[in-house]
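Both complexes shown next keep subunit A, but they swap its partner, so subunit B is in the first and subunit C is in the second.
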Partner chain A sequence: MEELLKLDHVSTAFRSRSGLVKAVCDVNFTVAPGQIVGLVGETGCGKSVLGQTILRLLPPGVEQSGRILFQGKDLMTMSEEEIRAVRGKKIAYINQNPTEALNPVLKIGTQLLESLRVCGGLRGGEARRQALEILASLSFDDPEEIMNKYPMELSGGMKQRALTAMAMCGKPPFLIADEPTKGLDALIRGQVIESLEKFVDFTGCSGLIITHDLKFARAMCDTLALMYAGEIVECGPAKKLFSMPKHPYLSALLASMPQNGMHVLKGSSCSLIDMPEGCRFADRCPYADGECRARHPEMRSVGEDRMVRCRRYD
Partner chain B sequence: MKALPILKKLLVSVLTALFVSFLTYGLLYISPGDPAELLLTEKMGSMGVQKEVVQRYAEQLGLNKGFLEMYRDWFVNMLHGDLGTSYKTGNPVLTDFLSRLGCSAQLALLSTAISLVLGVGLGILSARRRNGIIDRLTRFFSAVSLSVPSFWLAILFLWIFAMKLGWFPIADYQGIRSLILPGVVMGVSGCAGLIRVTRSGVLDNLSEGYVVTARARGLNDRQVFLGHVLKNVMLPVVTMVTSSLIAHIGGSVIIENIFSLPGVGNFLLRALRSKDFPAILGFVFLMGMIVVVLTTVADLLYLAIDPRVREGMYEKK
Partner chain C sequence: MKRNKENRSLIVKCGVLAFMLLLIVFSKLLFGRGDVVTTAIANTPPCWQHPFGTDNLGRDLLCRSFIGLRLSLLMAFIMQVICLALGVTIGTVVGYAGGILDKLFVFLQNVILSFPGTVLTLCIMLLLGNGIFSMIVALCIFGWLSYARLIRSRVLTLRQANFIKGEIAIGSSLFRIHFFHIVPNVIRTIIPMFTLMIGHMVLAIAGLSFLGFGVQPPNAEIGLMIQDGMTYIRSAPWMFIFPGLVLAVYSILFNTVGDALQDRFDPHDSVNASKM
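Then we have the complex of A and B:
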């Protein structure tokens, strides 16, 4: 399979007062051209850190290792200048929390035109035309007016779309969207799905969508990767994962969805500082035994296109 | 932009300035010493002045009227643009004020400019090289500048640069040449707050989400800083700069005294000693008006920089 993005043993850790936080541990996955991969998991499992690791957006002092191959080139070893040429132009990134992700003292138009200048090399009237076109394609009723608004004058859903518009400027072949539905209601979620679909149509891109929203992930993604405590525990085609979950964590997540009876998963994720020796999910797993707690399970293939990190499928 | 809140604020500020002048007058009125006697004594020397002469002089000045009556007279005249005549110099108060404002305003502008350049410059440098050698030196410098009193620094500078090295005049006023030393003293002692505000502002903003968004679009550090962070950092800086400008115009009494400058503060100090009512009332009121104008300018600057102020969102933050 030809791949666009390939993560090869990627780990990310940062120092905190209480110790080394291993936010991402030995993650491997690939995204093929035209594919939309969903990275799902509960808050704090390391999925947002992974998203920022790919574009090296984390603050200095964060330890990253492994290889991140994009179109055959390793993003990890690139110079600062080379990675800047990838950001926005080759890989767009939609930050989580649109209220904080937009500069509060600059108009939407200013921020959008800046994106077009930096990522698309457009200036003046041409940039303006393009900006209006992008805004109109994201179903803004009055693009001219939006250009003159400040972020605080827009609703949450509009800010999300404005952010999406900025990411579209470089017509990138790849998109990373971090929690695009966080804090939005069901109606706005529909709008976000629509705007991301327009994004994909507009740029013809592939993408990585980071979310804790299973319903949204099912609507958007071809393939899902499920993260738990910094590592991927199950991945495969989205439809199959939903119909036939393998990992006990995925089964538990599906059971916690409202339409499946909202059976809440008890307990909380293990600390990312003091990891258990064995399976990280063992403490919350109904099937865990002594062997599970003693040895850390590896990812293994279960059927075509599917992998799971659970001893029960040995 | 809404003009009404600004007008309202302006009105309140003018009333405040009037109230302050009334308060000053009241405090002065109850403090011991008869201005007529003080003035005559000063004019004639300590020979002792005859009581009836003092009384005639007091009548001439209108000092025999009651407390409120005197203030009312002053107020009515003020509304007609007449701030009265100084007992001591015999000039119209406005003329006296304007002739001294130049020196004080120049000093305030010079010292604030020095504070601004030093404070913002060092603040940015120290934030961008966090925990580096420049940052440590800057933090040390700002701690020192906070703890060293400005009058002490003034005397030190006067001693080194004017007396020992002879670079600057000591007592005779020579225009801008005389203002450099006091300007530097006030600028250096005033920049500590600005350094801190700028440094923490830059550091706080660098961890904001919009910085990640900007970097994710391929902007380099310089573009992120100049295009995005700087404008956000400028908000508290504008506040500090205006308040320091205000403080420097009226509050540089000690520095003006040490450097023997013919400024507003020094004049006011002398007027207070001789209970020169018209001069004191006029000066306090006019300085109040300058504060009103400057704060209004600051408010307008705020509106220009931060759209959130326009919507009244700023109080929520």
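Then we have the complex of A and C:
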């Protein structure tokens, strides 16, 4: 199977006063054309950092290693010019927190037309037509009116859709959506799912969806990768992961969902500065023994299309 | 509703300011005849012919107040344009570059701010000699700093903003990001500041001229006129009262309009207003 995006031993670390914060450790996965991969995990596990690492959006001075191959080219070693040609045109990025992701002093239309100009090279009347078409396709009732509004005049869900519209401008083959449902209620979450599905229809793209919303991930994604403390602990087809979780962390996450009884997973994620020697989940794991704490488990294949990082599946 | 009312009051304030500025621009046409020495009518108290009275040399005070203010305003405007250009350029460069350049800027800023403003200005005036040019230089040395500080801090915060990250993510160049996203965010803070600062500058010019620096006689200048009036404070009090009043009215006007513009333009306030 030919892959569109391939992450090969990708690590990202931030320097801080108290030491190196290893936000993403040795992540490997691939996305095939037409595939939607969900990156799930709790807050602070490195999902968003990984998303931003791919497009090199992190501030300078961040330590990154590994290879990120997109259509066969390594994004890590590209020059600033080259990566700029990828951003928006090849890989679109939908920022988390739509309230802050739109420039508060420019009208939606201005920002949308600008995206069209930068990503699609369109200007004037043609750009305007395209903008209205995109807005209409995202079920905005009155695109003309939306174009003339400032971000603060829109609701959270509308802002999210406006951001989606901007990402659609370059008709990119790949989309990274960072927490598209954060802080939205169930009704609006439905709208976001719909708008992202339209995005996929419109551009025919594949994507990486970063979320901590398991329900949303199940609705949107073909494949899921579960992250814990900077590394992927389980990945495989979304449906199988939900019906038959392997990693104890995934089982715990599923048990914590409201419809499964909201069982709380005790403890908190380990520090990203002083990593434990063994399994990072050991302190919260009901099955952990001495061996777990002594040796760091590797990802191993379980069945034909699943991988899990737990020594119980040796 | 509240917004409408605010807008109306802003329009009224700007209207008044515009009218008063027109008065100044056309002051020579309107009351230009009075700026001649006519000792015969020296020290005339306010009357129909000379609403503000005349000074010890028989010059019409109404005429001189406005002509004097015209000079001050023109200087203040020129100074602010210089300060703005300097401040915006330096603030932007420093805000983006960061590192050692930024540290240097902060150090320079602390040095300049640690001097009492008036004393430093007077020192510079002493070094450069009296006159309009040296006054502009002396006041600009302080003036650019306030713009640069403002722009720097805005650039620093905006650089971290999510929408700038989004902008990078669609592949925009640094230049485009700056002029399309940073500048519109900053301009709304600058317009009110510019207005406020013109008011301050007019006062500063008057102050320096009052002390005998800056504008020299026989040019008309408010500070100078007030100083002249001090000599005749008992026999002809109108000589300092009216120029003082004109100065006060104009600086209050600039401050009011500046404040109103700030309320209207500052995005932080408008965000808060939308939440209410």
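Basically, the second predicted complex is superposed on the first by the 314 of 314 C-alpha atoms of A that agree within 3 Å, B and C clash if a C-alpha of one lies under 4 Å from a C-alpha of the other, contacts with A are read in each partner's own complex, and residues count from 1 in each chain.
Convention: contacts are C-beta pairs under 8 Å (C-beta built on N, C-alpha and C of every residue); 3 or more make two chains touch, one makes a residue touch a chain.
Note that the structure is a prediction, hence the values are computed from the model and not measured.
Undergrad: When the two structures are superposed on subunit A, do subunit B and subunit C clash or fit side by side?
TA: Clash: subunit B and subunit C overlap once superposed on subunit A.
Undergrad: So in the superposed three-chain picture, is A:106 touching just subunit B, just subunit C, both, or none of them (first/second/both/neither)?
TA: In the superposed model, A:106 contacts both subunit B and subunit C.
Undergrad: Return first, second, both or neither, reflecting whether A:57 touches subunit B, subunit C, both chains, or no partner chain.
TA: Both partners.
Undergrad: Touching A:291, do we find subunit B (first), subunit C (second), both, or neither?
TA: After superposing on A, A:291 lies clear of both subunit B and subunit C.
Undergrad: After lining up the shared chain so the two structures overlap, which partner does A:89 touch, if you call subunit B first and subunit C second: first, second, both or neither?
TA: In the superposed model, A:89 contacts both subunit B and subunit C.
Undergrad: Figure out whether A:145 sits in contact with subunit B (first) or subunit C (second), or with both, or with neither.
TA: A:145: touches no partner chain.
Undergrad: Give one of first, second, both or neither to describe whether A:185 is in contact with subunit B, with subunit C, with both, or with none.
TA: Touch status of A:185: no partner.
Undergrad: Please report the subunit A residues shared by its interface with subunit B and its interface with subunit C.
TA: Common interface on subunit A, subunit B vs subunit C: 52, 55, 57, 84-89, 92-93, 95-97, 100-106, 114-115, 118-119, 152-153, 163, 166-167, 169-170.
Undergrad: Can you list the residues on subunit A that touch subunit B in the complex?
TA: 52, 55, 57, 59, 84-89, 92-93, 95-97, 100-107, 114-115, 118-119, 150, 152-153, 163, 166-167, 169-170
Undergrad: Where on subunit B is subunit A touching in the complex?
TA: These residues of subunit B touch subunit A: 207-210, 212-220, 223, 227-228, 231-232, 305-308, 311, 313.
Undergrad: Which residues of subunit C touch subunit A in the complex?
TA: Of all residues in subunit C, those touching subunit A are 161-163, 165-173, 176, 180-181, 184-185, 188, 267, 270-271, 274.
Undergrad: For a test of understanding, state which residues of subunit A touch subunit C in their complex under the given definition.
TA: Residue positions touching the partner: 52, 55, 57, 84-89, 92-93, 95-97, 100-106, 114-115, 118-119, 152-153, 163, 166-167, 169-170.
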